[in-house]
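Once you've had a glance at the structure underneath, I'll fire off some questions.
Lettered A, B, C and D in written order, each chain numbered from 1.
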């Protein structure tokens, strides 16, 4: 059965044709590969392809999504099955513009520069978060209304946690 | 609830009295310890006891049995619950004298020196197994009768696999 | 003699110190914050005591708690490492008062060198060159012009009340002196209501070169040559090497003598570092003294063949230095890079998280000082440096080759690290040729950007691997056929190769 | 110039060679048996090809398969490592015929040094001392007695047809010569029907000392000093060090010159080792030459400051040696220990299995050349050596301290290793004093036995940890409270300490 895979910005068709021993015959957009593939550590694969040795590390980020590291490159890969397709079609409209501010990593709130009800201009900093002795400023991209401030100064926060709700 | 633990040759009474944070209050044969205990890697515990730092590694060998490694020592530990007690009482008679020859590690059968029906004297070698470029000889302890030879020369074998049955 | 040392630090430096303790038969005591219970220094030490909550100012910086842990453990000495309390004279004083040996210099030396102006005056009186400039603000135009002539061009004029670049003027040419001073003064007046200015020699393309010194309590002091630390990002050192590629034998001897003079001027004892700012013509000026071990001390250890922590402990024990200046030599070349938990492709954003796998680079000429392990979660409270990679080779060129090889083999997954960025530094021609100064990183911004190109084939391999893993997990592929235990593939390989060749 | 090298080996040496290739910008090709698909050398190489089933004689020893892999990959040279085909003249010859550069000596040199008697004659003609003795069997009593007088006591008399110790006689005293020869002859006659005997000088407490040499194709040959390899178990080296603790400057120079003469006698090119047997009075005799890299080459690399694999490749490329004898110096002291997958507490039984965790010893002066990783299953088909630990320090005493520290920090779990045994060697006074010979391990059997004593407290800690883990797994303890993420324990620690103190 062929699947779609989203590889960074592009979408490819992929299919596992046959397996024999630890060699998998696979097809991507019509290109056929005989991949000698072994999981040598948890999440780390050793690949031999026409003799060339690759070490590929997979970090599942969320359901059906991977961050894939090769020696010099990193790729974001998503397996698109029927369920994902359906969800994607529904989610599209909402996702376009995020309605909250969050950070990509855990840290500590240093300063909150807005309060509920504030109207802020695009490019203005709304919150400053420190992680590992470095402070980062988080700004709004467009003019927005602050609907709710969910944290206070001094709070420890997780990555991706909503901090300030916007409208 | 108190349990029995077999520690190498001795048996001790052990009980978890209370836990608070990652400090566990435990009692062994009436001795009380406040153990600051954290599993830092899978199967590796960091222990602080009155400030002294211990690294303890657990290798489960079989159900309720562990090989426990500290810096310079290794202990065989078995948790004895009701089920184990019952089994032990039943098994005792059978276990006393093993009725087969096996090796502690995987290897390859180099030579078999006996055949079915042979009577061998205590101390005689019955089979030679090689592992990692080294050959080891396996002998019978007492005079025994060979009832069955389960492998042949050249076979690859697993550790603890019965090779030759005795009577 | 010291029998038990409390290490008032965490991370790689705590472990590095404990290693030397162990070699000397000295017991080591760790202290840790609540965020560091699982940290390697706690596991590595003979003893460990909790000294407070995660934030440094409630734990690693609390003198009382550290002293209490020292008392409880029965330690007779404290090694402060670098950072935290290492340059805190009060801590050094307190240790003394509590009958604990502080492995570092006297409070007097820390205080004197810790204050920029006091240090500058001290150095001048010891005939150590400092950056020429005025110490007191100047309001008079003529005095300013005279001073500039005295210092020599180029100079930087700074508003005495200033900040933010206002009232700052760089003067390069004779004919601009008067107009620049006037402009700076009026600008300062307008901005701060005060037209006084400072004048300082401007160093055009500055190098940061420092000298390691060690001094015992018997008046012996030697230097262990220089470290070139000009590869910096936001005043944070990134790569260090020794010998410096721009150094000459003559200047090295001279600077070394000045470094020793600087240390002697404050009756220094212990290990310390004299930092100099150096221009392209090897004119050098005292910048500051670090009265502690430096992060980059291992490159000196490797090239000179000494263990600086052991020397620190021996000095604290009152021993005499085991060598004289003429016994010391630089052999070969060493380079250190610092590996940070940060994302070099995303504006160096810190990247804490849990280490998933770590494959450390090993082999000939490679030293790796780290502290993280698989399964360890890097806390968000402390410095993001996770390790240092130090290589040595007979020549600088070979050392760079070796560093590339080591970085290539060094894998830490689960978090982002600066390894790819360091790799790119090793490929910049100016670095390879040894022609760089503190502007290196901004001057080569383009070359240091990530190479994003990936071949079609590599993209396909990445996609197939992820897909294969996905299928394995949903069990449409029988996992056992594939994983961990390679089946007989001798024939399959043959078949595959035949197929590919047809 | 060589652009791509096939490494005809596995394990740590394959990786060690690939590291130097990478530093030189040379691509590396791995070959692997079916049992080695997951082995690190396959993952480490740029390319990898399967050459057959698990047993060596169906894969790593099959010349045809290796040549085929070289052709397929387009490699222009083959490095044989040590063991396997490294001293196989046919392989060297075959490479030559196929237009592949064999990184090693000529078939002539391999053949000559590979045959003990040919090598002995060659060495004698080059004035290299060999163990004095007869080459042809002697039947005549008088001739035997004369020969013994010529050789000098003590001697060993061996039945020429012999084996198993029969017909062997050690003669120490003048007055025993005639009776011993007669007895040996009649014993030999009775046992083998042939009374001819060999007579050989007996070396009482022999040391095994070897010299590293390198020779280019232009007639230049130098030695890189000695390695002391007397710590052996069943003729297997366990610990090696350089310099040898029994060496003098004068004997070193002499032996070095003989080592060079030995290499020149067979027009040697490449890296090689001349092994000597040495008695307590530093009388030394040629034993054999290893025409390849040795397992213990890293200690020489560290003390002399060279990369022997790079030199091998440069020589194969036809380059001249980059140094002369007088450029080379021994700096400091290096020790290597070999870590085997074996159980030292159970008669050194091999212990293959799956590596669960590995914590490698790092830091100042430590080099670790290994190949296993967490999750790797050590195959049962090959040598049980899993890594080598090499330390350096300015002095021998400090090197021993450092080795102890490194062994202390080195943890491999899931299998048994020789680490505890090596640790005990580092504590034997005779080793620490440098007074040992090849009988060291049997002479100190008692000291080398496991220390089985454990305190009550340690036993309790072990029991409690296992019990705690057991409870966590059956979930009577809420696992989350305890594992991975330390909760706030600042107050708990206080409470605990108070409780313990009360």
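The rule we apply is simple: a contact is a pair of C-beta atoms (placed from the backbone, for glycine too) under 8 Å apart; a residue touches a chain by one contact, two chains touch by 3 or more.
Computed from a predicted model, the values in this text were never measured in an experiment.
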item	value
Chain whose average C-alpha position is farthest from subunit A's own	D
Euclidean distance of C-alpha centroids - subunit A vs subunit D, Å	49
Intercentroid distance (Cα basis), subunit C paired with subunit A, Å	33
Multi-chain contact sites of subunit D, meaning residues that touch two or more partners	37-38, 44, 49, 72, 373-375, 408, 484, 486, 488-489, 493, 497
Where subunit A touches two or more other chains, by residue	22, 36, 38, 40-41, 55
Interchain contacts, given as pairs of chains that touch	A-C, A-D, B-C, B-D, C-D
In the complex, subunit B residues that touch subunit C	22, 36, 38, 40-42, 46, 48, 51-53, 55
Subunit C-facing residues of subunit A, complex	3, 5, 7, 12, 14, 16, 19-24, 26, 28, 31, 33-41, 43-45, 47, 49-50, 54-59, 64, 66, 68-73, 75, 77, 79, 104-108, 131-134, 136, 156
Partner subunit C, residues of subunit D touching it in the complex	15-16, 19-20, 22-25, 34-35, 37-38, 44, 49-50, 52-53, 72, 298, 301, 305-307, 331-332, 359-360, 362-370, 373-375, 377, 393-394, 398, 401-402, 404-405, 408-409, 484-486, 488-490, 493, 497
Touching residues on subunit C, where the partner in the complex is subunit A	341-342, 349-353, 356-357, 380-384, 408, 411, 413-414, 420, 451-452, 454, 457-472, 477, 481-484, 486-489, 492-493, 495-497, 499-500
Subunit B contact footprint on subunit C (complex, rising order)	29-30, 37-38, 42-49, 72-73, 373-376
